[in-house]
Amino acid sequence: MGFSMAAAYDRAITIFSPDGRIYQVEYAFEAVRRGWTTIGIRTKSASIVAAEKRKITQLIDEKAIQKIFKIDDHIGASYAGMAGDGRILISYAINQALLHRFYYDEPAPVEYITKLVCDVKQAYTQHAGVRPFGVAMIFAGVDEKGTQLFMTEPSGRYLSYYATAIGEKSNNVIEFLEKNYKYDLDTSESLKLAIQALAGIVEGKPFEDYMEIGYVDVESRRFRILMPNEIRKYVEELDKEGKLKM
Amino acid sequence: MGFSMAAAYDRAITIFSPDGRIYQVEYAFEAVRRGWTTIGIRTKSASIVAAEKRKITQLIDEKAIQKIFKIDDHIGASYAGMAGDGRILISYAINQALLHRFYYDEPAPVEYITKLVCDVKQAYTQHAGVRPFGVAMIFAGVDEKGTQLFMTEPSGRYLSYYATAIGEKSNNVIEFLEKNYKYDLDTSESLKLAIQALAGIVEGKPFEDYMEIGYVDVESRRFRILMPNEIRKYVEELDKEGKLKM
Amino acid sequence: MGFSMAAAYDRAITIFSPDGRIYQVEYAFEAVRRGWTTIGIRTKSASIVAAEKRKITQLIDEKAIQKIFKIDDHIGASYAGMAGDGRILISYAINQALLHRFYYDEPAPVEYITKLVCDVKQAYTQHAGVRPFGVAMIFAGVDEKGTQLFMTEPSGRYLSYYATAIGEKSNNVIEFLEKNYKYDLDTSESLKLAIQALAGIVEGKPFEDYMEIGYVDVESRRFRILMPNEIRKYVEELDKEGKLKM
Amino acid sequence: MGFSMAAAYDRAITIFSPDGRIYQVEYAFEAVRRGWTTIGIRTKSASIVAAEKRKITQLIDEKAIQKIFKIDDHIGASYAGMAGDGRILISYAINQALLHRFYYDEPAPVEYITKLVCDVKQAYTQHAGVRPFGVAMIFAGVDEKGTQLFMTEPSGRYLSYYATAIGEKSNNVIEFLEKNYKYDLDTSESLKLAIQALAGIVEGKPFEDYMEIGYVDVESRRFRILMPNEIRKYVEELDKEGKLKM
Amino acid sequence: MGFSMAAAYDRAITIFSPDGRIYQVEYAFEAVRRGWTTIGIRTKSASIVAAEKRKITQLIDEKAIQKIFKIDDHIGASYAGMAGDGRILISYAINQALLHRFYYDEPAPVEYITKLVCDVKQAYTQHAGVRPFGVAMIFAGVDEKGTQLFMTEPSGRYLSYYATAIGEKSNNVIEFLEKNYKYDLDTSESLKLAIQALAGIVEGKPFEDYMEIGYVDVESRRFRILMPNEIRKYVEELDKEGKLKM
Amino acid sequence: MGFSMAAAYDRAITIFSPDGRIYQVEYAFEAVRRGWTTIGIRTKSASIVAAEKRKITQLIDEKAIQKIFKIDDHIGASYAGMAGDGRILISYAINQALLHRFYYDEPAPVEYITKLVCDVKQAYTQHAGVRPFGVAMIFAGVDEKGTQLFMTEPSGRYLSYYATAIGEKSNNVIEFLEKNYKYDLDTSESLKLAIQALAGIVEGKPFEDYMEIGYVDVESRRFRILMPNEIRKYVEELDKEGKLKM
Amino acid sequence: MGFSMAAAYDRAITIFSPDGRIYQVEYAFEAVRRGWTTIGIRTKSASIVAAEKRKITQLIDEKAIQKIFKIDDHIGASYAGMAGDGRILISYAINQALLHRFYYDEPAPVEYITKLVCDVKQAYTQHAGVRPFGVAMIFAGVDEKGTQLFMTEPSGRYLSYYATAIGEKSNNVIEFLEKNYKYDLDTSESLKLAIQALAGIVEGKPFEDYMEIGYVDVESRRFRILMPNEIRKYVEELDKEGKLKM
């Protein structure tokens, strides 16, 4: 379908085009494609969410930019797309996880939190007076079912992945992951896979300044964000293994 | 009617065209036609709902994708179309079935739940500020009236079927069912008919990874989802019977 | 008036055209004209509402499709047009009849129920943010005034009829009724007239599978739906009388 | 002003055109002009409201079609235009007259009821999200001030008349009334004037089947609707007097 | 500015044009200019509001048409423009005057009532979903400050006048008043000035049937409407004085 | 930027144009520029607000037209632009000043009142369904900080001035003030400067009929409006000083 | 992308363009670019926010124009863009900081306040009926984490900076800062850097009349605004050091 037909349907909020598509939702996905690259990986041992960080100007404090968020002890998340929108949904997820602990006195299943966020996203695609959220999100966690990894789309759809990427250079990362992903990695190997994937696309060095990585492993079930020196250590190992084009 | 006239009516939400059609509802049905194929079959012995599953990339965990949902002990359902929309209506059906048990202390008739979902769908076709739901749903169950199978359309209309299919390859499946459907099948034969129907259109193997099947039989009146090895067993039987093009 | 002028007025909901018409209401009537044919007949002895049923595919269970509804002990109804819309108004009529019995401890006059439904229909033609209901309805009953038959239009107007038809083949049926209707029929003769009228337009056999007929007579004042074998008996009588083209 | 300029102003609800007109209100009056003819006459002795009735098909029960409504013991009313709209305002008038009796324990002045109905009509011409009512109404009654006759327009304006007509053939009737109206008629003469006026425009015979006439005289102050045989008697008298073209 | 530019701004309700005008308000003033002529005069001795009355057809009862309204004992008012709109604002003014007496136990200042009406008018020019009121009003009264005369515009602006006129022939009347107005007239002279002004523009005779005149003088501070014979008396005096073209 | 681009942005209420402007706000300023000229001056000794008054016709009572308003004992204000809008904001300011005294038992700072009015103005530029206020206002007062003078724009912005003017001839007045303004004037000199400024642009004589002047000095902190004879006295002094072109 | 495509998307509030952008948000940033230049700097020792002030006419009191606001004891802020919008968000930030002290009895983290303001900004980009805020804001403070500096965009995004500038001449200032910024400055050096940055772009002298500077240092954690003579002293030092082009 050419552009002119799309033009006829994109102005009215959240209505169907004759071929059953909702352009506003698809355009929201374009906002995701313009975002910084974010990746998720889950293996037998751990669920990881990692994101590139860019230095827009030398006066920006990229260390203070948070891209990886702890949703609950056992869940982390990130997003690609419009920062303002993403922050709203991250806050919503944190609140819902807290409420779940409050009401049931146990950690929320990762899919439960993912679903609640997607219910909000869906509502913003069906009602007038609002626009869809311009973000895709990755939720990584460990719960009763083991490691979990979900990617949510602006439409409110989510799918379970072994590994995935969203944002501007996600195609490069996915290509890399399709070649290199293995399920049976231990936590360190999993983290090194994530770092290797990001290292191929970040725009500066040292790598630890240009990526943020969080993970939760099946033993601890505690989400934590890697310290810069931890990233550096893995980078050095990868370098020794000849896995980085430095 | 050509395209240009349709263009004049598709932008305003839920109004009639001069020939008495509501284009937004028809376009919503296009979203259904773009969905993964879902089928329903009811025989003397059982009501079945089954759906194809696709592997979008090798990194997706198609086993974690849920297409068949238990609405209540005696009812299952699936949908074709927009995943975000479908999930909302599945949740609504589950809640209404629960409320029925709470208020009346007995399982809800299958048509009652179907009707409640369709009332919501209808409202979203008549009021401004919303768009119709972009999903068709199949409800399969057993109640006082025996096996039941309803398919709901985006307009809020539902009809009773012996067998039907919705989604991208529904025409192929319906053609198959029109030739092979029989009412007097027992539960195993019914399930094998469903598997055979899906096997003709799924895009990968082993079949148990690419289809999800739920059923409720008249004896147990309990909806359950087939385990992969159960599907595999039926596939092997069908293969021996020469009913699968492997 | 040609099409182009209509085009200028049909998009805005429920406003007048320069010649004092409301196009959305007229287009809603087109939805009625696309519906399955439904007829109403009242004679000295009984009020009847009857509808054709179609077999869209051989997999549909046309016996489970309900076209004739009991509104109260003494009133039945049917509709032609959009099924989702019709179901909403049928439910509304049933509830209002129940409330009337609850408040006044006596059956509601047929016109009273008709009027309440039409008040809802009218409101949906005068306020923005909604579209008119795309159904015409026939209410048939017996009350203090004797046999009653009303047909309601999407505009909220209703009229009293001796006999009428709505839906796709209503013109053929009305032509037949204008030639054959008599007021002084007994209940059996009235039912046979309805069957004969429908037999001329239904699309399959045996007739009892393709029509649904409800009636209320002045003696019992109780609305009931004919069993298939009852229809078959009348069909056989009509056949013997040479009144059916078999 | 030609058509093209009107076209620019008729779509937005209830806004002024550059020459200070509100087209939606004027178009609503067109709906009145398409309605069945309704007349009002008041003389020294009585206030009369009368309406033509048409037989759309031979299957319609024109006797059951009500065009003249009792608003209160001392007030009758009719309308021309959209039947659904008219019914709503008739119900409103009846309720307000009842409330007036309830609160003040005396019959409401005819102008008071007329004014309340016109307040509703005016509001529907000034606020967005609604369309004007497509009816003109005639209120005829007797109160402390003697015989009363008001005609209300879709704009919410009303005027006091000695005699007037609305609807499709109102011009013919008004022409007749301008020639034949006299204030000093007694009740019988007044009724015969109304019948003579209608007889010139109704489309069938016997006349009593094609007209409905209500009146209230200054002695009884009670509104009543003529029985068919009463109309017939007046028709016969008029015929003898050579005043009807039979 | 030509017409085409105005066309671009008149459809959206109550927004500014590039030259800072609100066309809807100006168009509402056109509705005033189409109204029957209404005049206001205040002198040392009295405040007068007077209006022409027209006989649209010979069947109309122009004596029953009220154009001059008592707002409170000491205030009268009239309007030119849309009758339905005017009636609403007259009722509002009467209610507010009543409330003022109720709360403060003294008559409301004339400007206070004028201001309240203008607050409503202003609100209808600034908010979407409504149109401005299509009436200009004249309030005439006597209060602590002496004789008072205000004319309110559709914009919500009001000004104090010695004499003014609104409606179709207001220019003729204003021209007459600019030549003949004097402040130091007594009440009879003031009333004769008003009658003389109206006599120049009314369309029928006797004059008392075609004008309605109310006044309040500084002695009585009581608003009253002239009886037809009072008007006739003044007309005869004016005629003797050679001031009427009869 | 030419006109055609502006045309594309001026219809939708309160949205940004590509160059970051909000045309509706700028057009509202045009309404200010069409208003009667209003000036504000503050010196060491006093804050003054003054306005021209025009005689639209000889029948208008320009003495009764109020352009200068007391907001509180120590604050006066005026506006240029749409009279209906201005009156609403003047009332709002008076109410807020009263509330401040009620809650805090001390006079409100002049900037506090200015700010509250501007908060309302800002809200009317950011929300749909309303238009901006078509007035600029000048607040003049004396508070703890000394003499104060603020001018508020339709956007909700306000600035502190030594002297300023708004309305049709504001450019002439500002030019005059830029040449003649001095901070160290006493109250009489300040008032004479204001009169001299207005005298250059008013359209009739005697000057006291065509201007209204209010001031508050640092000694009394009480806002009062000059009597006509006070203005006349200053005019005579200015005339003697050769400062008026008579 | 050229202009014509943008034109198609800029009128509807807050919807996505096909490339995933929201034009209204980008146009709001143009309003920021039209604003007076505002800068933020944080070093080891202090967080500074500073803004240029312009003298629009000689009659304006630029000393009374406030550009730098104290949000709480330890936080200051400024904005560039639409003054009315900025004032609203400054008030909101002050209220939220106050509430934080009230609820938690401790100063709010700088990022917490920034985030709350951005949540409001984000909401105004996602809902219809409002426009985005046309301001960017700089929050400068010191909290448990040390010096803090955030810049918020109209989209609701915020980033942490070492130094940044917004408004009309921000590019010049950023260029200067990229060359001259050092983290290890003491408070005086930091303030002199800010003054030097502003001195390059302000439009008048003496500099202290054309800039406003606020800072909070790590020792006091108290935000204060420099007195004109303090600015003058730094200016003189900078001049002696040859760092100002005077």
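To keep things simple, chains are lettered A, B, C, D, E, F and G as they appear, and every chain counts its residues starting from 1.
By definition in this document, contacts are C-beta pairs under 8 Å (C-beta built on N, C-alpha and C of every residue); 3 or more make two chains touch, one makes a residue touch a chain.
Protein names from UniProt, one per chain: A, B, C, D, E, F, G = Proteasome subunit alpha.
Here the structure is a predicted model, which means the values were calculated and not measured.
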item: Chain centre separation in whole Å, for chain E relative to chain C (CA means); value: 56
item: Rounded Å distance, chain D centre to chain G centre (Cα mean); value: 70
item: Approximate Å spacing (C-alpha centroids) for the pair chain A, chain B; value: 31
item: Chain F: positions in contact with at least two other chains; value: 11, 128-129
item: Pairwise touch network: line, ring, star, complete, or other; value: ring
item: Neighbour-by-neighbour ring order, given that chain A leads and chain G comes next; value: A, G, F, E, D, C, B
item: Interface residues, chain F side, partner chain E - complex; value: 3, 6-7, 10-11, 13, 23-24, 27-34, 56-61, 64-65, 82-85, 87-88, 91, 124, 128-134
item: Contacting residues of chain D [partner chain E, same complex]; value: 8-9, 11-12, 14-22, 115, 118-119, 121-122, 125-129, 149, 155-164, 174, 177-178, 181
